[in-house]
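Think of it as A, B and C in the order they're written, each chain with its own count starting at 1.
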Amino acid sequence: MKLRHLLASAGFVVAAAAPASAHHAFGGEFDPSRPILLKGKVTKIEWVNPHAWIHVEVSKPDGTKEVWMIEGGSPNSLLRRGVTKETLLVGTEVVVDGYQARDHTTRANGRNVTFTDGRKLFLGSSGTGAPLDGSDPTEPSRGQR
Amino acid sequence: MRYRLLTFAGVIGAAFVVSMTPGRLIGQAPKPGGGAAQPSLPRTADGHPDLQGTYDLATLTPVERPTGMAAVLTDEAAKQLEKQVAARNEASARAIKGDRAAPPVGGDGSVGAAGGVGGYNTFWLDPGSAYTIVNGEKRTSLIIDPPDGHVPPVTAEARARAAAARARVVRTSDEIARENDPGLEGPGAYDDPERRPLGERCLLGFGSTSGPPALPTYFYNNLHQIVQTPGSVMILSEMVHDARIVRMNAQHLPQAIRQWMGDSVGRWEGDTLVVDTTNFTDKTRFRNATENLHVVERFTRVNAVTLLYRFTVEDPATWARPWTGEYAWPATKDLLYEYACHESNYALGGILRGARLREAEETQKTKK
Amino acid sequence: MSRRSSPLNTVIIAAVAAAVGALLTAAASTLSGQGQIAAYRAPRTADGKPDLNGIWQAVNEANFDLEMHMARPAMALRPGPYGPLPAAPVLAWGAVGAVPPGTGVVDGGAIPYTPEALARKKDNHEHWLERDPEIKCYLPGVPRATYMPYPFQILQSASAFFIAYEYAGATRNIYLKDPGRPPVDAWMGQSVGRWEGDTFVVDATGFNESSWFDRSGNFHSDALHVVERYTRAAPDVLSYEATIEDRNVFTRPWKISMPLYRRLEKNAQLMDFKCAEFVEELLYGQWRKAPLK
């Protein structure tokens, strides 16, 4: 299954390499019976740990507006790829799919967070697999600085 | 005569000034004491190897060896696997449809930590891109002893402890929900914040990232920084901004004093820094070990950009025998950023509230 | 003025010359960067810098209130028939909950708030229980981390300068090479350090707006900029100054200063103070399966 394959690459499938005690149980925070698809404007980004939160204002069918908090990962890896608080601007249109919080508040996990054309947010120059293991004694292992 | 006196004074004065301004000592100097000296390694003024720097511990090499694998990968095999990982990363970075549907009701099929709801995009992650290299070998596990690359069997006492812990949990109608929902944990797992994993509570980083032993998270934020002074060596783990201060040539704290990361004392054995850690709390529970966990770490500088990190774990109450692992700590030019966790831990409240709401809904259902 | 130069005379003259040379060298070092002659010349690290390594602690009442203040009944007050009284949630603390008097650490006495900001400070003070981040064990920010009444350790090498605070395990890595603009805001900011003579000067920016300066509601915005100066003033004393500016809150930069004292106990070391665990009941207790009565 393609999705499982993708998730395997993300480390979500518990392979031998996965941590014994997981980061936290997404299944405990979000509800698989409540899928969501949101389209709206970014109103705020909280660049915080343990999760970044992207606030998205969506228009409901009745015309009123509602703000959803979308949970992301830790911002630190993004910062190392050159992302800053100016990278994602307030007002940017995004599309989010995921599952609503189990406490039924307007929060969801950002299973996929993309621009309206489907491009994924925050794609940095992470490279395509040159080993970064310090095996070259003259080069530190990584870093674009 | 006066001229001679002034010149003499000037020479003495100059000599004094010169003696008070030591030159750069890094990279030279034979070290005191025995052991094989490597004159090309950077050293601190007291002659010991300079272990300082920022290191990225991310690696594809798991803690335990996958079944059927040899201990060492051929360069060919490693390249293959690393390319596969790179290809998967590239695939997961590709655009999807902007005009798409919500994921399926009942979950998207993901298991483990993703618990049916799928976690989030891989652009957040930084789990490692290469197998760790030790002595020129690409390793398939961090564990080198036992030689099969697996954690030794747990003791009967440890099994009894785990069973007793499960028995303490009150069984509720949550069981039904749990059977139908792969994301939920066992009954009672959400009753109190104290039952949640330490990482979720922001008390320690997940995956034993600070340890000791310090392990890769296979997720992100694997950066560690070492600062070395004559009296103390500090190891900072990005998550959760934990600074473990190793007191050099010191005695352990009294038995009654327990610490989340234990109490670390260090000494030099030749060019290797040996760190001995005891006095863990009974809440740390590295892989369900007791507070009598004892960890010995060995830090050795391999070359200008790499440390070798070796750790031995023992707890006779938990494992039949001690076990040892090792992996490379490559230096990085990347910066280690603040990981303030507790301050914005919205998730923990959401998890507990969600559990209470679910119980209330279950109660409603059973009433009908 | 001729004199026979005997060997003994030569030795005596040389010794005097050496002593004078030493004194001049020492005085020259302490003169640089301070603009005044300091009495104390600190021992050096191997790379020739004053050695700031050690465990230090502030001994004052700054964490209660930076400004000079009289003793107060409590940190949270309510109106009483004859003056303010401890608010109900802190009443049981009795005198343990009182605010001790303090001679203040602010140069010039008062913090130069804008009128709107002063109103907000007073509002903060009245809502101390709900708003002081210290209550929730949030990271203390800068410079509050320095004068929290708990020890901190400076780890200084030729290539690094790191401060580990016992309170909440807060940490600051002081960059010795400026990494550029901080990409996001942080509780403890981003610090860049350099030596000016015998003073270590730390320039800190990149703060979020969430920390406070003390338990009296003194606050800042995310435009906070702090410049600290650490100087060894005596074998076991660090002289500490922090200049604070924030264009959104204060009318001008202002300064605090205080001595920091070395923890001299033979067994001095930082111990765990992970208070996040201790506030779980406060933050999450109502969502236990069986909330405590």
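Going forward, contacts are C-beta pairs under 8 Å (C-beta built on N, C-alpha and C of every residue); 3 or more make two chains touch, one makes a residue touch a chain.
Note that the structure is predicted; figures quoted are calculated from it, not measured.
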* Name the chain with the Cα centroid closest to the overall protein Cα centroid. => B
* Structure fact -> Larger contact count among B-C and A-C belongs to B-C
* To do: Please work out the Cα centroid separation of subunit A and subunit B, and write it as a whole number of Å.
  => 23
* Asked: Whole-Å distance, subunit B centre to subunit C centre, using C-alpha means?
  -> 30
* To do: Mind checking the centre-to-centre distance between subunit A and subunit C? Centres are C-alpha means, answer in whole Å.
  => 37
* Asked: Considering subunit A alone, which of its residues make contact with at least two other chains?
  -> 75, 79, 145
* Asked: Listing for subunit C: what residues touch at least two other chains?
  -> 179, 183-184
* Asked: Residue numbers in subunit B touching 2 or more other chains?
  -> 190, 202, 335, 337-338, 340, 343, 353, 355-356
* Would you mind writing out the residues of subunit A in touch with subunit B in their complex? => 1, 3-37, 46, 48-51, 53, 69, 71-80, 95, 97-99, 101-105, 107, 109-124, 126-135, 137-145
* Structure fact -> Touching subunit B in the complex, subunit C uses residues 2-3, 5, 10, 13-14, 16-18, 20-22, 24-25, 44-48, 53, 133, 136-139, 153, 155-160, 162, 164, 169-171, 173, 179, 183-184, 186-188, 210, 269-272, 274, 276-277, 280, 283-284, 287-290
* **Parts of subunit C lying in touch with subunit A, wherever the complex brings them together** => 179, 181, 183-185
* Sort out for me which residues of subunit B touch subunit C in the complex. => 1, 4-5, 8-10, 12-14, 16-17, 20-22, 24-26, 44-46, 50, 52, 188, 190-194, 201-203, 225, 227-232, 234, 236, 240-243, 245, 247, 257, 259-260, 335-338, 340, 342-343, 348-349, 352-353, 355-356, 359
* Within their complex, state which residues of subunit A touch subunit C. => 47, 75, 79, 83-85, 145
